[in-house]
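Taking it in order: structure first as structure tokens, then the write-up.
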Amino acid sequence: MEPLIDRREVRFFSGQSNKPLAVGIANYLGVPLDETIFQRFTNDNLRIQLCASVRGRKVYLVQSLTPPVSDHLLELLMMLDIARSAAADEIHAVIPYFSYARSDKKDAPRISITARLIADLLATAGATHVMTMQLHSPQVHGFFSVPTDPLTARGLFVEYLRERVDPESTVVVAPDAGIAKSAARFASLIHCPVAVASKKRISDTRVAVGEALEKQVAGFESAIVYDDEIATGGSMHEICQVLVKCGVKRIRLVCTHGLFLGQARERLGGIPEIEEIVMTDTVHVPDERRLPNMTILSVAEIFGEAIRRNYHHQSIGSLFTFWDNGG
Amino acid sequence: MEPLIDRREVRFFSGQSNKPLAVGIANYLGVPLDETIFQRFTNDNLRIQLCASVRGRKVYLVQSLTPPVSDHLLELLMMLDIARSAAADEIHAVIPYFSYARSDKKDAPRISITARLIADLLATAGATHVMTMQLHSPQVHGFFSVPTDPLTARGLFVEYLRERVDPESTVVVAPDAGIAKSAARFASLIHCPVAVASKKRISDTRVAVGEALEKQVAGFESAIVYDDEIATGGSMHEICQVLVKCGVKRIRLVCTHGLFLGQARERLGGIPEIEEIVMTDTVHVPDERRLPNMTILSVAEIFGEAIRRNYHHQSIGSLFTFWDNGG
Amino acid sequence: MEPLIDRREVRFFSGQSNKPLAVGIANYLGVPLDETIFQRFTNDNLRIQLCASVRGRKVYLVQSLTPPVSDHLLELLMMLDIARSAAADEIHAVIPYFSYARSDKKDAPRISITARLIADLLATAGATHVMTMQLHSPQVHGFFSVPTDPLTARGLFVEYLRERVDPESTVVVAPDAGIAKSAARFASLIHCPVAVASKKRISDTRVAVGEALEKQVAGFESAIVYDDEIATGGSMHEICQVLVKCGVKRIRLVCTHGLFLGQARERLGGIPEIEEIVMTDTVHVPDERRLPNMTILSVAEIFGEAIRRNYHHQSIGSLFTFWDNGG
Amino acid sequence: MEPLIDRREVRFFSGQSNKPLAVGIANYLGVPLDETIFQRFTNDNLRIQLCASVRGRKVYLVQSLTPPVSDHLLELLMMLDIARSAAADEIHAVIPYFSYARSDKKDAPRISITARLIADLLATAGATHVMTMQLHSPQVHGFFSVPTDPLTARGLFVEYLRERVDPESTVVVAPDAGIAKSAARFASLIHCPVAVASKKRISDTRVAVGEALEKQVAGFESAIVYDDEIATGGSMHEICQVLVKCGVKRIRLVCTHGLFLGQARERLGGIPEIEEIVMTDTVHVPDERRLPNMTILSVAEIFGEAIRRNYHHQSIGSLFTFWDNGG
Amino acid sequence: MEPLIDRREVRFFSGQSNKPLAVGIANYLGVPLDETIFQRFTNDNLRIQLCASVRGRKVYLVQSLTPPVSDHLLELLMMLDIARSAAADEIHAVIPYFSYARSDKKDAPRISITARLIADLLATAGATHVMTMQLHSPQVHGFFSVPTDPLTARGLFVEYLRERVDPESTVVVAPDAGIAKSAARFASLIHCPVAVASKKRISDTRVAVGEALEKQVAGFESAIVYDDEIATGGSMHEICQVLVKCGVKRIRLVCTHGLFLGQARERLGGIPEIEEIVMTDTVHVPDERRLPNMTILSVAEIFGEAIRRNYHHQSIGSLFTFWDNGG
Amino acid sequence: MEPLIDRREVRFFSGQSNKPLAVGIANYLGVPLDETIFQRFTNDNLRIQLCASVRGRKVYLVQSLTPPVSDHLLELLMMLDIARSAAADEIHAVIPYFSYARSDKKDAPRISITARLIADLLATAGATHVMTMQLHSPQVHGFFSVPTDPLTARGLFVEYLRERVDPESTVVVAPDAGIAKSAARFASLIHCPVAVASKKRISDTRVAVGEALEKQVAGFESAIVYDDEIATGGSMHEICQVLVKCGVKRIRLVCTHGLFLGQARERLGGIPEIEEIVMTDTVHVPDERRLPNMTILSVAEIFGEAIRRNYHHQSIGSLFTFWDNGG
């Protein structure tokens, strides 16, 4: 099969966070994944070597900010620096999971809006373009000084679920106000209504919130809880308990970034009503942390296609996340 | 009365957008407002002169981005540039109303995240510190590369309304999800429950939303609609109509930035249930655009106190907006 | 006709200041003018959308800084920002009339050298190259940190006037010392002598100046007053009165930027000796502000040809303004 | 005598171009000139050491760009770099003669607007403020991105000449149009008329120019030729010849920057009508290049006073050059 | 005791790498160590809060880049960002052990000169000044764009060892050419001769090298091996074996940065001739990794004194590392 | 012969320091050397004009920093500025001899790490890529913020000497520790042993050093002294005297940068045991400073080939200097 981009003009490297996804993207494009050597000096310093000449080429570096986040971030910064100082023409940081997007505001004095800091560090290290997916809030896009494409996996979920969901009996649940618009847009695409839970952290209003959600989901047999990220599964667990209490019989969890850290496997594996967990591979979940009811949809084609279009100067169009209408 | 800051060390100038507020801040601090000359050349170029030496001084420039926004923005950029090139030591852009905070994300292809652009332009022109109030979303804070203090007028509203509101019969209404947290925090401070309306733009879900709001406000005699900004009053008008329909008898509108442009005066003046419109003076509303039931609380003291604390290297503390808990 | 540049590689947008000229440039090049949507939010914020993908392309943005200057400047800055953040490859700001070139020095304390400020703002917003015409002084070129081509319309004027002027009876008049060199160069190209008036603002020497001009133009039947810009026509009016008093019978006004604001139409329309006003279309003058004796030469071909040569990496050569010899 | 500035807070160093002036400025301020060691390695590299700690201090570096210009420029850049990297608080580049101000525009393709380049290099090396004198054109001010004070020696000349000049019989001559406004302002301060010569380089109009000047100076017994700089004295020589031919008996040359390079001494020493050459010490002229009729007025007090005012955050006011009115 | 610096003007925070040293420095200065809260979100993102207002203050952040290096680096970058965005006046990054100084050159294609990258990241995050100790090579100083003070612990070692060493029977051994000058300077201060071993990595010359060292140390009873860093102790172990073989009876190891990672404790604990390991506390070694013959000299006073002098604008003088003479 | 790069896409200019080498590089590539005009204004300002359009092209500027270093540096900065402001696409500064690489650390207080300063000035002036040769220390590479290729001439020397040297009787001598690794690598390639002299400047250890060298070279008939640079030949002279004293009969000097300034010719010409001086043409030595036993190997092909590979996006590979293994 002919490659979708000219392999003489590109280099494609992966950090250590999610090599299977990097391989998937490279395969979609029909180019090889170039070798990278990762070492650690005795004093814990990282040493990284890119094993193919990048001079004058378009370089793609794939790295998700999964645990250990600091190491993976520094790997990415060093890979950017190598490409920059070795005279690459374009340097694309492909960050399927940008964990620090969640640190996007000051909710206490003297903390860091770390998402902005990281955006600046990426530019300092040499990134000329960033591709990422499902940022926690749309404004994070504005933190980047280089052109940035926040992609969406919503199309994947819609395609997968459209045939599997009964719009009559199913409600889409947004776990908090922040994801509400995005959930509403998703719900409309699969022709379901949407319900919004309020954030659990406002302790003095939590009961009312629970009640509000209860009213909204009353009468539905089936629910799809739609979120951007599952880390340890705490809030998902709480939402599911409310849903079960309200009589929901079948629950699907849908999320872009399935980290499944800490107690997530136990927590969510322990609720029998959860019939399926649909997520993507922006985060690589090793077998031992997986659950049998997980369905993992690969975003390799989405990133690959976005790279292809960018390479050929085409609009990324529908792959891109536009926010106001529920992106 | 002794000035709160050393007048030999500061200069205090106002753009043309809101001179009364600038005077109020200067008065609070006990320093004079320094003269600025505004002219327009025959070709429509602006010419601005600051009429007091800024060399080595801490310079405060007060300008709200009210209509004509572009002129007021350019005035501010020129004033910053003058202070910078005339060797000011610190240059504080005090922007009580930062209109472009609303342009904080890409909700369509090839538009500008103008809030980030303006933040960058302010830095280029010479701002070393920004003070503003009630940004449309908390993430906009992260657009600024210079230290920025987003202040809040919530304390003013709480103080004013605490004695005037009956918590038993009153519900606080957030006009859309974006303001929900902030409204909830406000509501808890005046011991009222909160209701959240969904945004009207999602046309296919609007009816449901209306219903959702109706359920939440049913039974309340009195409502406080809490928002950050009233421009032409369109969405306020719509919310009020729903409230009236649900049996609410007395409505208060509370907003930080009261622009009252276009039809706002007519629209909101035509609803007799609106007994009071409480807003601040971040935007200067001339007499002819005012309504008799407007109460305008001045933020002069808030900005003045923040400037005083900043000048004396004290924490701005409670004046500052922290977001997660409803700021 | 085959386009002069590859239309797949370029995008061509116009701001709202001078769309006819943008169309003319695009026509010369054989490419379409891409659509741009201009809107204003209720709070007077601008909203702009470029309606064709710019990814990886060479983008040309045409905008003259005509009144309302601040709006047109902000439009341009936003268009630059859109192109930059949407990953354009090259971003060319084509500014036929750069009004702020006149604010090029400090003639009073604490004013802004606004031409430098604007040059910096354009770079911050994303311009990678600037094209402009007939800057007020040659040094303004040095304010730009990105490559900048100041073009000249002198060739147009020479070509148009060469056949229409009698070198024996005609003198070229420079209205002040700043334009003297440029006028001398123009005069030599049409084989006429040159006279220089002194600036009227130096009040204590004004009479002498008038006298000096009178001596220089005595005996000529015909005069060409050559300037870079006519705004409200004040100084042109004054010069013409002196010329008429000295016995000049026929006057031509030649200027690059014909703004014709305020009283210009009345002032200059009221002097019967002005037989022709020759100017270019860097500024769009609507019909109602035109005079019957205006001849408008289009610079579309000059900008188009400069763009073509730049696109094909050819020297812009004779289109460019070199100063010392009268450019 | 008490120093005018706190000597514990400042450091004062001189490059090798004009140490006497640096001493003069330091004396005015009552502070010592700190030692600097200049060496050259065997490969011609410069080595410079500042011999007093600059940490946290306000550092003044005095250097004129006199021949050898490149060495003196590099000296200055290295001294700036030393101050910056050794943690100075403020770094003031005091450049009494900024030779490259003359390279302020493109009068041919592919040359450098070197004045802008040098301004950028100074900022890169660490200058936080620039002080200079009598820039060749007012726009050069706008080339600097750091606060810059272009001072003027006009006051010195006026004070010195007021008593020595007979306004009835004396004309001030500006050698070309570029200096005309400045000369006019000077002339008005000593109550003399002004005449303007045209630049000799426009060869096809040179005769006319000579004639024009002849008419303007006819009848005056005495002339003051006023320019910013005398290098090899070529154009001064030519002007003087015209003046003598027109019957002028006594000539004074007045210029800020007296370089007196090449044939200057012989050329101007050979015209007996030149009774005095009045200039400043921005450029250090060693005894062997001096003429007996030279009067050198020191600018030490002007720079010293400007430094004092800047130090104490006072307006530099009348020391500053404002242009439009003849600065 | 009165503090050495004004505690109202400074803030003093420590990262998690070496809190005992930070406490020591703060104690020397007589100021409290301000509280910092370190948390980790469920997705492994760091969250850091500085618990004292930094507005307008001089902020000192102490962090050694010890394992886990990436986490400690990111902590430091976030703390810098917090101080910067919260309007600190000065931000001093105090990095006693800058591990990445070792990555100072390209010894293979497409690797990162990570020391330069980190220097740039520190500046991006907000550092205005860096203090560090015993950089691996003197040139690393030039990687920093902000003022940087590389301090030395040599004085500590000299003071401690002067009384304990017999210059007649002792040789100082430099483990490779890179440390040779520094070791020679140290040796001369304690009046001992110096021997230089060649680096073991050049395998084809290793035997000769061993021989060379053997010749140089032959006849000495006692040796001091002097290096900048001991990580896993590999090369130290090898050198010691050669020394023992050559008849050296008593060995002292002297190093600035004692990491003692991996097998270091076992390797060096297993050589009975090593009578003492003298090192500093730039790296915190927990009790379980220590050996009984370790002597740890604290650098708290050196950093404290350098901070005090910097604060009072005094020269850091003898604390600083000057290289050519053996620093 | 077909050129190795497309001559329509490149421009190739030379400064005044080493035009023969520039011609050689251009010849290797099969492209013409484009004309450059160098002038000096009467006030010693430089004026430079590039005589071929650079718009959109890859521009190569060749300049060695040989005496007069400051002039040659400023020439290069101006040429970069011209290329940048005339819209070149890529700007390659080819600096065969970068003299200031020797100023790479602070060996005294308040001196400049001038190599870093120059690196920053080159970037400010417009360099997008730097090519240079045999930097004095490998870390200098890290001073550059743009991609930089430090090339090596070692291959030339090996090829030339392999047939001419008897490995049995010859020792390679490194004049000081800094060059030791590089010399060792070179020695191994021609199968000779290596000896290292210690630097003469440490006066109190000089005698011992001499002894150390004597031991290492005892018994060899022939020696090759290998260094990066010969300026006035002082240390080479000293080393040679030691060698002769030890019985070495034939000496070859090998160095990359042969400046031969001051007494170099006399010093080294006066030692009859020096049978050959092998150096490159990174520095142009005019005939009158040459010695009859000089062999000058041209690096034109190395630079030409590196440019060719860079142009075609190939790895520079073996031309590049990798340091740890003796580069």
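List of remarks:
To keep things simple, chains are lettered A, B, C, D, E and F as they appear, and every chain counts its residues starting from 1.
Here is the rule we use: contacts are C-beta pairs under 8 Å (C-beta built on N, C-alpha and C of every residue); 3 or more make two chains touch, one makes a residue touch a chain.
The structure presented is a predicted model; accordingly, all values stated were derived computationally and were not measured.
Taking the definition of touch as given, a chain qualifies here only if it contacts subunit C and subunit E alike; those chains are A, B, D, F. In terms of their C-alpha centroids, the spacing between subunit E and subunit F amounts to 34 Å. Centroid to centroid, with C-alpha atoms defining each point, subunit B and subunit F lie 62 Å apart. In this assembly, the C-alpha centroid of subunit A lies 40 Å from the C-alpha centroid of subunit E. Counting partner chains per residue, subunit B shows two or more touched chains at residues 53, 85-86, 108-109, 113, 315. Touching chain pairs in this entry, ordered by label, are A-B, A-C, A-E, A-F, B-C, B-D, B-E, C-D, C-F, D-E, D-F, E-F.
Against subunit B, in their complex, subunit D makes its touches with residues 129, 147-149, 309-310, 312-316. Of all residues in subunit E, only 41-51, 53-54, 66-71, 73-74, 77-79, 81-82, 85-86, 99-100, 102-103, 108-114, 117, 120-121, 124-125, 229, 231-232, 234, 259, 261-262 touch subunit A in the complex they form.
Subunit C meets subunit D in the complex at residues 104-109, 113, 115-116, 120, 137-143, 145, 177, 180-181, 184-185, 188, 193-194, 196, 198-199, 201-202, 204-205, 208, 212, 215-216, 315, 317, 320, 322-327. Listing the residues of subunit C that touch subunit A in their complex gives 9, 53, 55-57, 84-87.
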